[in-house]
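Next come two complexes, and both contain chain A; in the first it sits with chain B, in the second with chain C.
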Partner chain A sequence: MAIKVENLTKQFILNKRDGWRSIKTEVLAVDSINFSVNSGQSLALIGPNGAGKSTTIKMLTGILHPSAGQAKVLGLTPWRERTRLAYQIGAVFGQRSQLWYHLPPEDTFELLSRIYNLDRNQYKEQRNLLIERFDLGPFLKTPVRKLSLGQRMRAEIAASLLHKPRLLFLDEPTIGVDIVARQELRDLIREWNKQDGVTVLITSHDAGDIEHVADRVIVINHGHIVLDDNLSNMRQRYLSSKILSARFHGEHKTVDLHGAKVLQSANYSIEVEIDTSVVTTEKVIKHILELGTIADISIEDPPLEEIIAHIYSQPVTNNDSSTHT
Partner chain B sequence: MKYSHTIFRKYFALAFISARSNFAYFAEVLSRQLFLAVILYILLRLWQQTYSHCGLQQMAGLSLPQMLWYLTATEAIILSSSPISTIMDEEIRSGSLAMQLIRPTPYPLYRLALYLGERALRLLANFFIGSIICFVLVREIPVSVVGILALAMALPLAIILDFLGNFLVGLAAFWLENTSGILFIYSRLTMVLGGMLIPLDLLPAPYSNLAKSLPFASMVYGPARQFVHPCNFELLQFIVLQISWIFVFSIIVWQVYSLALKRVASNGG
Partner chain C sequence: MFFAKILNYIRLAIAYVRLNWLSHIEYRNAFYIEAAGMFLNNVIWLVFWVYFFKAFPTVPTWTSSDVITLWAISAAGWGIAFVIFGNCRFLANIISTGQLDAWMLYPRHLLSHLILGKMKPSAFGDMVFGFAMYLFFVRPDFPHLALFCILTVSVAILFTGFSIVAGSLSFFLGNAESLALHLEFAMICFCTYPAPIFEGRIRWLLYTVLPALFVSYYPIEALRNLSIEQALYAFAGSLAFASIAVYVFYFGLKRYESGNLTVMRG
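Right, the complex of A and B next:
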């Protein structure tokens, strides 16, 4: 077991000023959450701003002390054994850099090898592997200030893997990165998770990150876990709709079927949203086939953004029932 | 033995990378050298007039050349200071402190290593340029090998003590909206009570003794005085005082840091 969290709670006290008076307000950022993560699993922690996901990560890395509850990360209590834990975890905070701005990435790698007391041969072996897998060679000797954001993030993630951590925390790792570089980063994280068995805990606002990197998703809102499930179950459970796209060889007739809503319609194509709780997908396909001569047809799940938006709109459930291993 | 060697290499690597990174701020280092040249020229003229008007060969036990080399040393020390408390203030406020807290290196020691690396570079540059300027103006080097050794012994302890003071100012960001006020007071106290412009020996006896026993004198006055006017007994006395202050400040820093860690809120996300 990589992570075990029991009734973890974090309460912040905010001081607000009302004229000369100071008013203390208690904010419950994380409210008694429970979950566990098996070794080698890839878990996405998602939620809107202020939901409590980064606070959870910061408690699990030992940066923040919880107000109540327990957590074990790789068998250690993070806030009590932070230094011991630091040797076994890696972390990338998308908006904070660990690379030295005026120096090339290879200098930061060298420094990290000393900070983590790495054996020289093992360090060189791991560094060379990361340079190859993350394709860092072309900019390894370029000062960080001259790198693109995509290159910098590749170097950031490689730096966090240099000491061979068993658990990798990624907090918004693709924020601000362009779509091509984002896909590269996702592939690299996924590859490292699957091939090297590193447990991954990722937070992101980008549904693509979650779809490509995570096996399992925990949705947090207002400090509570509102969903803890694997990706495919999440789709089935939270959105009873499919998107059907069809292309025709000629003009087609109009859709007239209860439960099938036309999203887009052109001379030779159509896009329909199927409400599977009203009508079966099979019945809709049959109906579409009657509309004209089909050239191509595809059925897709709706974008994850829609699923997440749907979950956020649901009332909070008892998080005991969402505990999942 | 192997463990201590590994620890040393870790902190040396931090100090080294900090010094290397500071080469990028060449323009800033250069502007400090220009300021050093201007201020030394003004001080030279000022003290030449003072010695001449008073008709004295020595003041506070220092000849005019010694006085000017003393001032070169104090200016070199003061102008080598690093804005560590401002950096800490920003780190605490922005939440980037989180990146340092997940490292297997205690944050105060991490900051100390970076500080030593950066300050060593600035001190070398300042002493090098300052010595050239002072020699050009004075045409004399009233400094002995013993004085240089005394400086080499006292300066590292002075820098560590100054680091602890600055670190405490930086930690104040956990409680205060803005630490620039405290930093202003701290830096002015270091300049005035550290004897940057006037050797503390020139103060009336009770004030002079009091000022010499304060930590600010251990940061600036002591190393500079021993540089131009070394005295074995005074040096020993002075180093004992420096170590005592480092011990006291370390305890305060550790206590405040432990309290501060419980207040980490770490912005973002």
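Right, the complex of A and C next:
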């Protein structure tokens, strides 16, 4: 078991000013959450801003002490055994760099080898492996300030793997990165998770990161876990609609079917949203085939963003979803 | 075991100094100008004080050689402190902006690791100035030079400790960046006045709140009389203050609130 969390709670006390008076307000950032993560699993912890996911990660890395509850990360209590745990975890924060801005990545690697007390031969072996797998060779000696964001993030993730961590925390690792570099980063994280068995815990607002990297998703909102499931189950549970796109050889008739809403209509094409709770997909396809001569037809799930937005908009209940491993 | 840990820490400190040095000389002109500027600034002040003491011998027991020694040991100690532990001077900002998070992810003791993170380029100027002034103007024999070198370590420990205490005020006050800066200036200012001019309650203040006498009194007396006893007093004061600094930092750490500021290293 890589992570086990029981009734983990974090309460902050905020001082609010009311004229000259200072009023203390208690804010429950994380409210008695429970979950566990198996070794080698890849978990996405998602939620809107202020949901409590960063606070959870900070407690799991030993940065913050919880107000109540227990957590074991790789068998250690993070806030009591922070230093021991740090040897076994890696962390990448998209908004925080551990690379030295004015120096090439190789200099930071060298420093990290000293910080983690790495054996020289093992360090060189791991560094060379990372240079090869992350294709760092072309910019290893270039100051970080001159790298593209994609290159920087590749070096950033490689730096976090130098000490061979068993668990990798990734907090918005693709933020601001272009679409090609983003895909490369996702592939590298996925590869490291699958081939080397590193447990991954990723937070991101990018649905693509979740879709490509995670086996399982925990949605956290207002300090509560509102969903804990794998990606396909999550889709099924929250999908009550599908998108049907059709192209015709000639002009087509108009759609007239309850539960099928036209999103776009042109002379030779049409896009329809099917409400599967009202009408079956099969019935809609039959209706579309009657509208004209079909050249092409496709049915897709709505984008993951829409599902996530739907989950975020659900009212909060005090019951966590059942623990899932 | 203990020595292995010390050796390990020295290796880490060397790695940080090397990286900080490389990072600064990426912009070598700016670095050299800042270091040379600090050297020149110290020279001007020293010349002023030497002339002042010749014109107004207000401290009869003090010679211009003592004044030079005082400035030399203060500058060299300050320089060593912030060439190696330069991040102390950014501590108040690091705490108030929640940047301690990044340091907590490393498998090292937080404070001793954190203070290695940055170097002050001007501290190089101070360090070079301190040793150069002592060598060229005091012209010490070997025992005096050796004791001077040892005492600069004591002074460096004191300045580091004081800077940690000043920066740690951010744990209690929210943002003590400006206050920490003023306290450090006050400390260096009192350190460069001859100790005999302070008497009574002020003297107690300079043993405790602004422990300047562990720079301007014991080390100078130790060098004047080649006294190991006075040198030990200097070290005892510096180590006591450094211990207080460690306690204040970790006591304050319990009140730390993390942040999510975007930052780059180096």
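Assume the second predicted complex is superposed on the first by the 319 of 325 C-alpha atoms of A that agree within 3 Å, B and C clash if a C-alpha of one lies under 4 Å from a C-alpha of the other, contacts with A are read in each partner's own complex, and residues count from 1 in each chain.
We take it that a residue touches a chain if its C-beta (ideal position, glycine included) is under 8 Å from a C-beta of that chain, and two chains touch if they have at least 3 such contacts.
Here the structure is a predicted model, which is why all the values come from computation and not from measurement.
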First, second, both or neither for A:Thr203, with chain B first and chain C second: first
Partner chain in contact with A:Leu291 - chain B first, chain C second, else both or neither: neither
Touching partner for A:Leu99 - first (chain B), second (chain C), both, neither: second
Doubly contacted residues of chain A, that is, touched by chain B and again by chain C: 12, 54, 58, 61-64, 82-84, 86-87, 89, 91, 93, 95-98, 100-103, 107-108, 110-111, 114-117, 143
For the chain A and chain C complex, residues of the former touching the latter: 12, 54, 58, 61-64, 82-84, 86-87, 89, 91, 93, 95-103, 107-108, 110-111, 114-117, 143-144
Contact footprint of chain A on chain B as seen in their complex: 6, 9-10, 12-14, 17, 20-21, 23-24, 94-96, 98-99, 101-106, 261-262, 264-266, 268-269
Residue ranges of chain A in contact with chain B within the complex: 12, 49, 53-55, 57-58, 61-65, 82-84, 86-87, 89, 91, 93, 95-98, 100-103, 107-108, 110-111, 114-117, 143, 171-172, 203
For the chain C and chain A complex, residues of the former touching the latter: 8, 11-12, 15-16, 19, 22-23, 26-27, 101-102, 104-109, 113, 257-258, 260-266
